[in-house]
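Heads up, the next two complexes both have chain A, just with different partners, chain B and then chain C.
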Partner chain A sequence: MIGAIDRRVIYLLVLLGLSIPLLKNYSVRPAPIAAAANLYQLVEELPSANGRVALIALDYGPNLVAENGSQARVMIEHLMRRRIPVVLTALYAQAEPYLEALPQEIANRLMLEFPDQRWTYGTDWINLGYRVGGFQVLQSIAKSDNLANLLKKDARGNPLTELPIFSKVHTLKDIMLVGEFTGLVGMLDIYLQFLQTAEYRPPIVHGCTSITIPDAYIFLDSGQISGLLEGIAGAAWYSELLSKASPARAIDESRVLNTGLGVAHLVVIALMILGNLTMLWNRRRSE
Partner chain B sequence: MNYRSRLLRLFTFLGGIYFFLEFVLPESFSLAWLGAPDTNITFGKFTPQISNGFITVGAMAIGLGLYNLLSIHGAKVAFRRKGWINSVALLVGLAAMMIVTSRDWAGSRQVASDTEQLVMLRNFTQAIAADEESKAPVPPVITRNAALLSALEKTVSEVRERVTSQLSTLAQDGLSPDTPQHRVLATANAELQVALTSVAQLQVALAADPASTSRHVELATALSQAAVAYRQILSTAYEQSLTKKVYNFFFIGIFSSLGTAMFSLLGFYIASAAYRAFRVRSTESALMIIAALIVMLGQIPFGMWIWEGFPELRLWILNTPSAGARRAIEIGAAVAGLVMAFRMWLSIESESFSEPKK
Partner chain C sequence: MSWEAATIFVGGLGTLAIFSFLAKENPFYRIFEHLYIGIAAGFGIILTLKSFLWPQILQPLLGLDIQTYPDGTRSQAYEPLLLLYIVPMLFGLLYYFIFSARHSWLAKLVIGFTLGISGGAAFKGFFNGTFPQITGSFKPLLVFSEQQFDWFSSLSNIVFIATLLSVMYYFFFSFRSESRALGKVSASGRWLIMVCCGAYFGSTVMARMALLVERLQFLMHDWWRVVLGMWT
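Presenting the complex of A and B:
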């Protein structure tokens, strides 16, 4: 009889598989993900400089930041590269610090890549902060005929009427894209249900965690969401497309994470095969 | 049934029916079919106010949560009950985060309020011109212009001083000229200086002709530009401040890292479980393992090294059998949810509405 592998050995194998690519900053070309490519194309075709904005909701906390954070990073970067103004918000309290840190980090990276250009708060992005009230907030946004009056101030306390980004934003119709990044159950549903009027529903795109991919595909298939980023793999493929369009772009964390995760998946696959071979071997021996 | 139960049931019923009708009815509709062609009903007219009420009630949970934490863990520490040291850690963490977050909140509000001075002056400038044009019953334009000039002088000198002090502090802190922040500051400062020079020139013109409002539009524009640049400088400087660094250390450095580490432990358990549980013992389990292998190989970069068709096959599994099965589960859950919603709406679900058990 062949005995089972000690679980500590399995943990060690996973640890090595995950950490070596991360420590070495090693990345390989990600697998092509069709949904991510479609989303990239959707953002690519958005009209810029028309005063309309993209609303990005970061509804994740520290537990989901590895996946949702990487997805949001690549998509916001793409929007900023295309000079499409980004309005960030969250219906989840723990996301609040990411709303402030993430776009700033992307802007700094872009300014290093393009030393003669600037991406600034108030013009290229704003942070509306965490909004209490869940679906009622979205319902109010959909019904409002003066969003600056409804939302009043950004997270830094500036009146929205004073920020250049909000100068042409009045109603839901001025939001040309909604990006919802979450792994929380039911969070996407409320955006789909309530962020619409009888005349207009902005295209909603979604960044989901790997565990919620099967749920997200229902909405993608039905056309209720217009684009999807699936876990780290989706973010990595989106990042690959961004790098293809901008060769000077530095490799971001999603591709390195995806490589580490890929090695860990190989470990899992090897363990599954080994487990079955052991079972078969033991069965034959006992017969 | 006592009056409280009745009241709760009544409010639950009315609330349920209101939100149901508000969702399904059009925003505005006519009552022509009832013989009142001139009557239009806007059903959701007060929804924002009602929603704000709910949000306010929801916000009270913060106070309730704080009270509960302090009373439960405070008592544990005070009476040295089992695990009291963990309660100390929790209370210290809570206090530290509250202090740091409050400081950060106050710091960013200060930036907004400092910029507000320029915005108020712009609004005042616009108001003088508008009131003069509409002949509004306000104090004479000479008096208002004099007040504007005096406020401008004070505010502009304060803005200049503040910017000089912020920039020298940042230089002392070693902000490198190669950083994006430095470039943002330099550009914003240049824009601010241009706007303030323009304001100064208009001030001189206004002092020479104190009864005129001909330059007010120009002055308001210059003040607007100065406000945008000033806000940019103060915000960028605040990002480099100690308060912001401490906040980022607490949240991103400690809280976020610990939360991520806790969640990442799942990865180790999944690998261990895959080894123990993914065994081909029946046709169904064989199907599940094959599907899992294809989905994994279609998603990871190395799957492509084995066979380029894995991503396509993965997509088919997710789009066809998986989505179909998932949809069936969702529909089942939605029907169950609807039944539950009806039970709650009619107050036959919760025991809290019932008579206390004897």
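Presenting the complex of A and C:
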């Protein structure tokens, strides 16, 4: 009988499994993830106040924001907490709204937590906007000896030469870390292939969607990327580490999303076991 | 209703319309499917015009980014070399000759140029992207850390090398040995590929769930708040 169950009933069960933690805003402690912990440590050890910046590429659209958005949020928050200037850009057109909204949202949250401190546009972060040209943009950045002259203006139309964040940024060597958040096939590859010179290659860290985890591990294993956040689970563990270091920090959405996902996975696993048991039982009965 | 609330309301309607396909195919789903495809195509074009072609190419080319102050001085001098931008723009426009039976050879110049660039980039990309993976696969089978034998790393490397060799042998079609032992290596390669496919399938399910959870969060918090606001 269970073999003939309407697929819509299964959808409904999965939907319920996902919805209940979200409705109750309930979260459990995420599972420790070694790759996320290593990435946290890498950011923790970056030198601050030396004029060098972190380049964060948000190459995701609404279809990938669930995972890449959560990852970018925790990592940018960590960089901002450590007062490491963040330069945001994207090679993917649909990322444009997030480039403007995400760092501002993080800055607002931090200023609520630390009312006596300010995080301001132009000093703590800038948005270079969506850049047209794919690998050619990255190759130009790698070869440039004057980045402000090459990139000219930010997304708000300010000349980069007038922004404090760019006062000491001249070449690729002034970018101490690259964070690439994407689930698009081939997007990480072009950063790995073209954002380097013979003398210098900035450490590249990657936030991948669950579907690209097996691919991302190849790059982590070969040392081509220096850190990895795996789907929402990676973001949730990173968030946990941030909260441990800053107990006053409000819980962000990645933990709740991770809990919802966990419950839905349990529902799927239970249905798979039930389906297989029913099949075996039916086969035995027909024999 | 504010502009932001209207956006959220339409976004929620779109999400529900697309999800309605799970119940059955329906006109509500079809309308929003076509809307989505149209918006996604138009968005890229408009954004390229708005954030690249106009501010970075056309404005400097036409001198529109130069401000004239009340005393008659200008914020910057016009750079005549910018006129060179016209050359690649005209060259790119030759692509449209693809619609002309007589002059389609002009479009082939652009295609050939683009293929040349892509070929060169792929060549560089192969060396920078794939070579580190080849060198990264040369792992020691016995690992010692701080002069102590590291069981876990050694086992991990042995599994890695065994998987690499057996999968490579499975795809080795130049000649086949009749040896039973090598046949088993090939079969184990096939099994290991199946394990990899299982990992891919599992992660695909996980990614799809993540998409759903984000949409549910949007519907439950942002959209529902707007809907309640409309009623009260």
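Basically, the second predicted complex is superposed on the first by the 284 of 287 C-alpha atoms of A that agree within 3 Å, B and C clash if a C-alpha of one lies under 4 Å from a C-alpha of the other, contacts with A are read in each partner's own complex, and residues count from 1 in each chain.
Assume a contact is a pair of C-beta atoms (placed from the backbone, for glycine too) under 8 Å apart; a residue touches a chain by one contact, two chains touch by 3 or more.
Keep in mind it's a predicted model, so treat the numbers as computed, not measured.
Superposition model on chain A: chain B and chain C are shown in a clashing arrangement. Applying the stated contact rule after C-alpha superposition, one finds that A:L271 touches chain B and leaves chain C untouched. In the superposition on chain A, contact is made by A:I33 with chain B only, not with chain C.
Once chain A of one complex is fitted onto chain A of the other, the partner contacts of A:A66 extend to both chain B and chain C. Within the superposed three-chain model, A:Y121 lies in touch with chain B and out of touch with chain C [touch as defined at top]. Once chain A of one complex is fitted onto chain A of the other, the partner contacts of A:L241 are absent, as it touches neither chain B nor chain C.
After overlaying the two complexes on the shared chain, residue contacts for A:A4 are found with chain B alone; chain C is out of touch. When the two complexes are superposed, the chain touching more residues of chain A, out of chain B and chain C, is B. Of the two partner chains, chain C is the only one touched by A:G129; chain B is not.
By the touch criterion defined above, A:A155 lies against chain B and chain C together after alignment on the C-alpha atoms of chain A. By the touch criterion stated above, A:M111 is placed in contact with chain B alone, chain C being left untouched. Put simply, chain A uses residues 11, 14-15, 18, 63, 65-66, 94, 132, 153, 155, 157, 210, 213-214, 218, 221, 231, 261, 264-265, 268 to touch chain B in one complex and chain C in the other. For chain C in complex with chain A, the touching residues are 22-23, 40, 43-44, 47-48, 51-53, 55-56, 121, 124-125, 128-129, 132-133, 135-137, 196, 199-200, 203-207, 209-217, 220. Against chain B, the residues of chain A that register as touching in their complex are 4-5, 7, 10-11, 13-15, 18, 28-34, 61-66, 94, 97, 101, 104, 107-108, 111-112, 115, 118, 120-122, 132-133, 136-137, 139-140, 143-144, 150, 153, 155-159, 162, 164, 197-198, 210, 213-215, 217-218, 221, 230-231, 233, 236, 258-259, 261-269, 271-272, 274-276, 279.
The residues of chain B lying in touch with chain A in their complex are 26-27, 44, 47-48, 51, 54-55, 58-59, 108-109, 111-113, 115, 119, 179-181, 183-184, 187-188, 227-228, 231-232, 235, 239, 247-248, 251-252, 255-260, 262-264, 267-268, 270-272, 274-276, 278-280, 289, 292-293, 296-304, 310-311, 315, 318-319, 322-323, 326-327, 330. Listed in rising order, the residues of chain A touching chain C in the complex are 8, 11, 14-15, 18-19, 22-23, 63, 65-67, 69, 93-94, 96, 129-132, 135, 152-153, 155, 157, 183, 189-190, 192-194, 196, 209-214, 218-219, 221-224, 231-232, 253, 256-257, 260-261, 264-265, 268.
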